[in-house]
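Scrolling down, you'll hit the structures one after another.
Below, subunit A partners subunit B and then partners subunit C, in two separate complexes.
Up next, the complex of A and B:
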């Protein structure tokens, strides 16, 4: 009897195993897909519903597309998009420009290159929140940056409290943190150019200039597109630095899109309007991603 | 290959020609090594100074730290600020604890689910397409979503699901955000494995699942380690989700504590530098220990 039940259990175990093997593709992927559905797809769907409501002291009321009309016709949304675009433009230009330049310098005969690469990792692994604090300390009235620029200015600079300066004072910490990313990626590309390719080009009589354009650039072109994509996406979502350093002020001069949405939802409690902004931002993000995916050869 | 538009190529050539002329001039005076090493040194100082300033600040008295003009090197170092932070703000023990729990939990979950999913995506055909987009591709596109887009509806969802202000909520949210990242980092490693490897293992008497654990996983170990490193750093550093989805010491993490440190009066810089140093130290130490893997990770996906 015991023998019989053993085989029965064994048979059930076997068939269970067979079932697992048959459905392995879904067993492997469904848990992750479920989490992603719950945290990406469902929230977007929920945002669609929320965007049709207005939230106020009386509770929520169905208002149809009023939120969309209000946001698209009022200037505040466009203003925050414009501020985000300015932040993106200055931060990405400096990060990519400086990053590539430094990569070329480090690719020439420089001492302690390995050590310098490791040092380049330092800003990249620090939390943007802490990066903001590092710079807030440097921006202190009469602090390090003030004494650095003292020969050029009369008195302390109101880095974070002057509406015409504050946005640039936010760009700087981002440039400090992310330039090494560009440098490390481009440097890795430069070092992947095989020596024999360079030598062959030299044998063919190609000058430095020719070799740079025809041999080196093809190796790093894709990488430059990649870092551009990474930084455009990265700067579009900037939040921690703004939250810590200015909270969008002074006079809303640094109110980037994520800060504007945060304020709409959590200062004014208007989740409907914030959700509407979220969906509009989603469309913009998709458009940018699609544009990059079409233009570039980079495989995601 | 996308073709270059003529103007951008022109600008590029002009720039390069300029750089080349500077290089030639320097070369004729034998100054190239001096200049390149000088720029490299400048890069190092620029990168390290802000970190040095905060760490040294944590070891100074308030008046010494905020002296005008700043004293670049202090002669009166003290460690008193460290215990003082925990005396004045005992909640920092809890912030630290929450950060550790959320980081470990979300990393474990993201790496586990992400690894399984990557293996599935790479090894099986997925018939389910949305337009011209493949299911695995859609998973990767979630990396491009600005997190603020999902976090606002997520706040409402968490509110009804009683997940607001819980460590579990943050663990799940961070895992969700890191899964696409893990898939992105691992897919190259899985794709490089020869197709025949699982077949050979099955012929040897392994089950397909057994082959996955005993043969495939050890072979993609470097990828797993890299993915884990990045997930840990992401989770430890995250602010946006934490600041929105948590409201008190039950679940708030270090970045939230740091971002909301300011009191109504003034910033207690002698304590905030301590808190900042405590938040930086683990990732910096970790980064130093795994620097080779980290370097490769940052440059991966593009170069390999």
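Up next, the complex of A and C:
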């Protein structure tokens, strides 16, 4: 009798073990799936649901795709998108251009390279809000920047209050903060180019430019595409700097998409429209990433 | 006619010496091998010629023209690197054709010449492959193809076979030698593998501690080494070195320098060796004669290890009462096992004498040297 029950217990234990073994890949993937679900699937799903509703004093009403139609046909969204695109273009161009140039300089035999690299990384670790506050001080009427450009101008420059220059004044802090990231990533790529491959190209008759094009760039191509994607997505989502420095003004001249989204949700309480914008932004980001990866033939 | 000349070339890295007073000539079409242990300066010497390292002093000439300060691309030299250094983002054809592309050769001609080279190297079918799809030997051939495609004046190879397995190494060695003969390009080849050097080179340049120890044909450096370093480095297993002195004034018998343990008869000791001062006697493992009973002029020793190697066996023996071990080659039919006592004699003309302090060879000036090729051990 006791032998029988022992066997039964042993059998149950064994079958439990077998079940675990059969489902092991799911068990091991579960934590990652849970995180993905909590921080991506749920918010996107929730936004998708919210985007189908209109919010007003009476509560929320199901409106179907009305929010999408309203946003895509209104000029404000396209205006914000255009402002975001301009910000993105200038910020990414300077960050990537300058970042690559600095990486090349640091990759040559520069004295105190380690020290320069460490100091250069400081802006990266500061929160964007703090960066914005620092630049607010620099942009103050009669502040440091004004005294720097004083010989070229008549009196203080309305950095953040002139609609024609406010957006560019937002680009500068972003370039200051994010260029080191580009440098860091591209420098890692440059340092992965083996000396012997460079030397082989030299022996094959290639001069400096030729080696740059034929050897160095192919080595760092994937990292440059990666950093481009990172910065395009980063600038597309820029919020803290705009919020602290201009709040989208003056005259909505710096109202980037995320700012418009914030206003829609928290000033007008229209979470449906804000969610719709967020989803449209997500789609644009995905499309840009896909386009970069396809054009550059880089696989991630 | 392409003749390479190093004129007293020295390379220093701060206080460290990379290569010192290199004074060598490689003649037109010659296959010269720079041979030595790791860190001996052979690669530095090669890189100075390539233009990848600037000599601190001295001049390098090709056909009398000083090229010391010329950029590598203006030297008409091609090189195969130890790491092969194929361009990972280019396919086989693009890799081989790259030097021509840089030269500005048009696409059709380039393709034609790439095909010709791949035919020579027997890799025609790999032309459209990516380099990461190739085996070690195939990658090797691609690297060689890239180096020979533009018919350089001088061809440099820096341990190109280091990463291949033993069988492939032998195969590629033969192909490199054949190719060099066919093309007749003056070649400098770096290796630490003395077997590779002996089989490939017309001329060996043996280096140690940044200096050239000896330049000569493989037979010369093997049979007539300039010093103890060369004698020990060339040959496998290495030459045995024993610290000895004459047993008595004018005697042709030597005893261990510490007065104990063994004595040999050595027929032709150089007269320069004095009667009391110690010197180093060098004997290759195959030039001992092995006896299983005492005979005059042989030293008593005990066998500690036997390694059968087919036609012969390698014995590790220890002199009676002495800790030092030496290697001895004996025919396979000499029946000895571990623990047996044997008596070792020396074929006199095959013993070398070196200075204890400097390691310099002390020559047998009054006698002609016999350079017959060794035929293995003689019991």
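Throughout what follows, the second predicted complex is superposed on the first by the 268 of 300 C-alpha atoms of A that agree within 3 Å, B and C clash if a C-alpha of one lies under 4 Å from a C-alpha of the other, contacts with A are read in each partner's own complex, and residues count from 1 in each chain.
To be clear about the criterion, contacts are C-beta pairs under 8 Å (C-beta built on N, C-alpha and C of every residue); 3 or more make two chains touch, one makes a residue touch a chain.
Keep in mind the model is a prediction, meaning the values are calculated, not measured.
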| item | value |
| --- | --- |
| Partners on subunit A (subunit B, subunit C) - clash or fit | fit |
| Partner chain(s) touched by A:20 [first = subunit B, second = subunit C, both, neither] | first |
| Broader residue contact with subunit A after superposition on the shared chain, subunit B or subunit C | B |
| Subunit B versus subunit C as contact partner of A:68, first or second or both or neither | neither |
| Subunit B versus subunit C as contact partner of A:203, first or second or both or neither | second |
| Partner chain in contact with A:168 - subunit B first, subunit C second, else both or neither | neither |
| Touching partner for A:214 - first (subunit B), second (subunit C), both, neither | second |
| Gap in Å between nearest CA atoms once subunit C and subunit B share a frame through chain A | 8 |
| Shared subunit A contacts, counted only where both subunit B and subunit C touch the same residue | none |
| Residues of subunit A defined as touching subunit C within the complex | 194, 196-197, 199-207, 210, 214-215, 218-219 |
| Residue ranges of subunit C touching subunit A (in the complex, touch as defined) | 50-52, 71-73, 77-79, 81-83, 85-89, 98-99, 102-103, 146, 150 |
| Contact set on subunit B toward subunit A in their complex | 1-2, 13, 16-17, 20, 23, 32-33, 36-37, 39-40, 43-44, 46-48, 50-51, 53-54, 57, 66, 68-70, 113-114, 116-117, 119-121, 123-124, 126, 135, 137, 139-157, 172-173, 175-177, 179-180, 183-184, 207-209, 233, 236-240, 243-244, 255, 258-259, 267, 269, 272-273, 276, 279-280, 283-284, 286-288, 291, 294-295, 298-299, 301-303 |
| Subunit B-facing residues of subunit A, complex | 17, 20-21, 24-29, 31-33, 35-36, 38-40, 42-44, 46-47, 50, 102, 105-106, 108-112, 116-138, 140, 142-144, 147, 150, 176, 180-181, 183-185, 187-189, 192, 208-209, 212-213, 222-223, 226, 233, 236-237, 239-240, 243-244, 257-258, 261-262, 265-266, 271, 274-275, 278-279, 281-282, 285-286, 288-289, 295-298, 300 |
